[in-house]
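For reference, the structures are reproduced in the following blocks.
Both complexes below contain chain A, partnered by chain B and then by chain C.
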Partner chain A sequence: MQRDKASKLMQNLGILLFLAPALILIGVYIIWPIIMSFDLSMYEWDGVSPRKLYLGFKNWIDLIHDSIFWHAFGNNIKFIFLSIIIEMPIAILIAVMLDRGGKKFDAFKSLFYLPMLMSSVAIGVLFKYIYDPSFGLLAGILNFLHLDFLNQDWLGDPNVAFYSVVAVICWQYIPFYMIFFIAAISNIPHELYEAARIDGATQGQYFWKIELPLLAPSIKTACILSLIGSLKYFDLIYVMTEGGPSNATELMATYMYKNAFASFKMGYGSTIASAMFIIITTAGILAYFATKKKEA
Partner chain B sequence: MGFAKEIKKWYFIFLAIWTLVADVPFLFMFFTSIKTQSELLEGNTWQIPKQPTVGNYSTVIHGSFFNYLKNSVIAVSISVILILIISSMAAYVFARMKFSLNNILYSLIIAGMAIPIHVTLIPIYVLTNKIKLYDTIFALIGPYVALSLPMSIFILTEFMREIPFELEEAAKIDGCSMFRLYSDILLPLSRPALITVGIYNGTYLWNEFVFALVLTSSPDKRTLPLGIWDFQARYGSDIPAIMAFLTLSLLPMLIAYILGQDKIIKGMMAGAVKG
Partner chain C sequence: MKRLGRIVALVTLVVFMLSLVLVFSPSEKAFSSAGGTKKIVFWHITTDAVGKQMIQNQVNRFLKAHPDFKVEVVPLQNDSFKTKLKIAMGSNQAPDVFVTWGGGPFFEYVRAGKVKDITAYMNEKNYKSRFVDAAFGPITYNNKIWAVPVEGAGVALVWYNKEIFKKYNLKVPTTYDEFLNIVKVLKSKGITPITLANKTKWPGCFWYWNLVNKLGGASAFEKAAERTGGSFADEPFVKAGQMLQDLVKMGAFPKGFNGLDWDTGQSRMLLYSGKAAMELMGTWQIPIVKAEKKEFYEKNLDFFPFPSIKGGKGDPTSLVGMASSNYYAVTTTCKYPKEAFNMIQYLIDDQAVKERINYGQIPPVKGLKFTDPMLQKVYDVISKAKSIQLWWDQYLPPQLAETHKDIVQSLFGLTITPKAAAEKMEKAAKEYFKK
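Up next is the complex of A and B:
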């Protein structure tokens, strides 16, 4: 009995020792910052001076009346829809074609994956020059095709900039979803195709009636990934436009960053960050239950 | 699959067009990097350079490129090693030990996967200043490791749960300590999962931008993504030099990809598997 207790104690001590580094780091760098963020949202603070001015919910009330924030939020929503309706069909289409081609088409895969190897910063910088209206690649191609009249200030025109940036992000993420769907398609039993062919199904029928329905859960997962990713997107937009021109490409994250680290409004920046936390967590929970229900 | 040749031809054409969409930007990048500034401004942008030059590359190499590269290598490798050690220790406990808080703690940590990192940005910046780590490599390692833990612990715990208990039982009877069980039995058996976790975090952190932007400021402390950002700000008009920097910065990942294509892809996808 005594020995049992002693070994139990030893085991608990071991558990504590093994978990301690993870728990401490997660506590310091995730849990505490979340609490801190909500706390800071109640203050006016430049991040440097020792004095913080307590405001209560003033920042939150300001946020509700902040048209730029809502414009940024609207851009996030637009971004979600655009990326889903552009990325998913292209990724599925390419994955299906690669699957049909079998081994012969394998060489394409490596070529398609290339954008995944580049950091968002590098992609952002590269496309800034591709979009340059005077010596960019896009201008060069349009010129070559005698379509000069289409050429414009891709990133400088507030009406165009948002779509220019979204196009790059789609370019960046299509390979990711493509691999995702290639994996999903390879899980569909080959017999189904054989059976469909014996029953006289055409390729189109096979795709619409068998393949696509079987891919539905994967498509849903991919859409959720894209949804959450779009809500917190930052890197590429910040690199290419910093949210401009005149907030045309502003997202919640770029607006938060600019408030906190360019205008040194740490309090208000924390309010935006906390609002993002609430929005993204809610979206995540809703998405989780939306997919859960279907399975039950 | 056996499909009609005619249709396959159309597939091939479509995929060939997509190859252009996916890869022409890289050709533009490379060809511009071996042009002179004047050739870029005079000629057609998409044209192949007539007299290739390596001058832009020497500009980049004589700048701070290797310093940025060194910082990236240090920050990412220390982070990944710490992630592997810390997450595998936690995963061992969650997967193999029975204790009352097991499920609650595990669920709590897993919930951390859904946290948008931007919420932590301002407080981590404040904290880093307070503990005087601002503008050092170590400023990055804390958040890099901590924010990677939930996903890494998840992948490793799920993997370790599948390892049969018999080996461990036998070792326990032989009087093996908890640490020996972890280091001599569980870790070697978890190799595939450890590799996946390492690659997933390695590729992610290699390209990490926002924390490096906020937690460092001097060029000799910054990582490669920030190097691109700084270089672009400084050489904004020297486009061939910037393209040379971009090409060089892509090389490490490209080499890694060529060496371990399947593993890299699998590692990159690890984040998506959780669904």
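Up next is the complex of A and C:
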């Protein structure tokens, strides 16, 4: 009995010892900066001088009245919606097609995955050229197909820019969800497919009646990932449009960056960052419970 | 199979151990400091191959004279430099020498006590008198000098394609009406009159600043920015917005200009290909065009100063820009400020001036002669100028500058009226200065 307790203690100590490096890293690089951001959001600070002016909740009150922030938040919501309804179906479709193709199409798996391997900054620069209304690849293709009237001011028109950027982001992320779904599909027992075939099910029936329902948990997880990713999205938008023109593609993260690093308003930038933290955490928890309930 | 697993495990272990050794071993800096024991870290933003090498050569001359020193030269991209410097300054990891444009953002660092006052060094043997007087405006604060003018003059001029002007029999305009006429003619010939890449917002602002400068004179902006009896909602500001939107509505600018990126050359491509005829841009256009398309530089490129506006208060010779475009400052954390200052001197000594002129710059040094007629012409325009209005985004405090740039971009996008734009800017200024 005594020895059991001792070994249990030893075991716990062991666990703690092995967790310690991770815990220390998380503490120093994740938890502490979050606390610091919340603290900074109470100050007016330019980011360089040693002087900080305590403001209390003034930054937070300003944030609530900041129409650009809410506009950016709205863009984030639009962005979540668009990326889920565009990325998920296409990713599922490609995954199913690649699965049906079997080994023959293995090369395509790598090929389709390519966009995911490029850095967002490189993709941003690349698509800036593709979207160039005079010399761009897109303009060239439309010209070739005699569809000139479809050519738009892709990144310069506030009404179009947001969708142009979303299209690129979808292009970048579809491969990620594709691989995700391929893995999920390969987990579906092969016997089901054989049984369905014996029962005379068509490919379509198999997809709608068996594959899709069995994929549901993966789709939910993918949606949560997409939701959280969309709320904190930054890099590609910054490279392509800097949130412009006229805030048309502004997201919370780009607005935060501009305040903190371009306008020297580190305090207000921290307020936006902290607000994002609250929003994203809440959204994550809500989404988690919403999907959990359905599964039960 | 089992053996393979063991080999993989062994390799992984070795890699892991090696990386540990690398992580905990002395940093790269310590390895490479074999040459000298004293070190200066130097950040600049000249990233094209020719310019980068030129600066390295100048630093090498300093190293030859100071064998006990080592200089870490770090060339950075313009926009990422701004962020990097900010973070470095905020976290006390500032470089010893860094490039700056002077004005509002620079004075933030000065006020924070991050920049060394070099007035004494500049006065030594009257070193200061080497430079043109106008160069000191953007780096003088509290009657002290905080940086050395090094890189060439940067003023906004209208660059144009000589061939196109000749082909359609167009004359260089001196008034804005003549200029508008040129825009109309070019438009009717199917050529984009003015190329513009306005993603980063400042290239478009050049139009607004020049219009305000010619309409209201230099004092219009200064009075508004200094809150000494002027307002950003005054007539010249509204009128400038109106004239700018008229240009947009005429189709003077290329399709999609608000999404094009100047840094990656999207506006210049239109110029080189002959699809567009003019661009309002700083004199740094010279080395860039020279490097990107030498033939175009020699055969096609020319410029004229921004035309004057009938009834405007601005002096016809007045310009927007600065007598020196890049300055170099020493930080207070630098351990060898005297030597760091000396290193900067090597960037603008007689040999360096020669190199810079060759490169296509007009150094902010007195009594220069040029063999390149283009540089001589720019030099003459600058020396004749009665006033040079500093770029507003460098003049204004950073926060206001960002708001201003956003507003002007909206003006270009026709999403705000000139009057509303002027009022929005005035409101932001009032809030910032609390008066």
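Methods note: the second predicted complex is superposed on the first by the 268 of 296 C-alpha atoms of A that agree within 3 Å, B and C clash if a C-alpha of one lies under 4 Å from a C-alpha of the other, contacts with A are read in each partner's own complex, and residues count from 1 in each chain.
The rule is simple: contacts are C-beta pairs under 8 Å (C-beta built on N, C-alpha and C of every residue); 3 or more make two chains touch, one makes a residue touch a chain.
What you are looking at is a predicted structure, and each value in this text was computed from that prediction instead of being measured.
Superposition of the two complexes onto chain A shows a clash between chain B and chain C. By the touch criterion stated above, A:143 is placed in contact with chain B alone, chain C being left untouched.
Legend: residue contacts after superposition of the two complexes on their common chain; A:246 is shown touching chain C, with no touch to chain B. Using the contact criterion defined above for the overlaid structures, shared-chain residue A:61 touches neither chain B nor chain C, since it reaches no partner. Measured by the number of chain A residues touched, the leading partner among chain B and chain C is B. By the touch criterion stated above, A:171 is placed in contact with chain B alone, chain C being left untouched.
When the shared chain is aligned, chain B comes close enough to touch A:112, but chain C does not. Within the superposed three-chain model, A:157 lies in touch with chain C and out of touch with chain B [touch as defined at top]. When the two structures are aligned on the shared chain, A:125 is found in touch with chain B and with chain C.
Once chain A of one complex is fitted onto chain A of the other, the partner contacts of A:281 are limited to chain B, with no touch recorded for chain C.
By the touch criterion stated above, A:212 is placed in contact with neither chain B nor chain C.
Only one of the stretches 115-123, 259-267 or 277-285 belonging to chain C overlaps chain B in the superposed arrangement, and that stretch is 259-267. When the two complexes are superposed on chain A, the residues of chain A that touch both chain B and chain C are 47, 125, 128-129, 135, 261, 266.
Those residues of chain B whose C-beta lies close enough to touch chain A in the complex are 1, 3-4, 7-8, 11-12, 14-15, 18-19, 21-26, 28-29, 32, 40-41, 44-46, 85-87, 89-90, 92-93, 97, 99, 105, 109, 112, 114-127, 142-143, 145-147, 149-150, 153, 178-179, 182, 206-207, 209-210, 214, 224-226, 228-229, 232, 239, 242-243, 246, 249-250, 253-254, 257, 261, 265, 268-269, 272, 275. Chain contact summary for the complex, chain C toward chain A: residues 82-83, 86-87, 89-90, 105, 108-109, 111-114, 198-201, 254-261, 264, 266, 269-270, 273, 275, 397-399, 402-403, 406, 409-410, 412-413, 415-416.
Every residue of chain A that touches chain C in the complex is listed here, in rising order: 46-50, 125, 128-129, 131-135, 153-158, 161, 241-242, 244-247, 258, 261-266. By the touch rule above, chain A contacts chain B in their complex via residues 11-12, 14-15, 18-19, 21-23, 25-26, 28-30, 32-34, 36-37, 40, 47, 93-94, 97-102, 105, 108, 110-122, 125-130, 135-137, 139-141, 143-144, 171, 174-176, 179-180, 183, 190, 193, 203, 221-222, 224-225, 228, 231-232, 234-235, 238-239, 253, 256-257, 260-261, 266, 269-270, 273-274, 276-277, 280-281, 284, 291.
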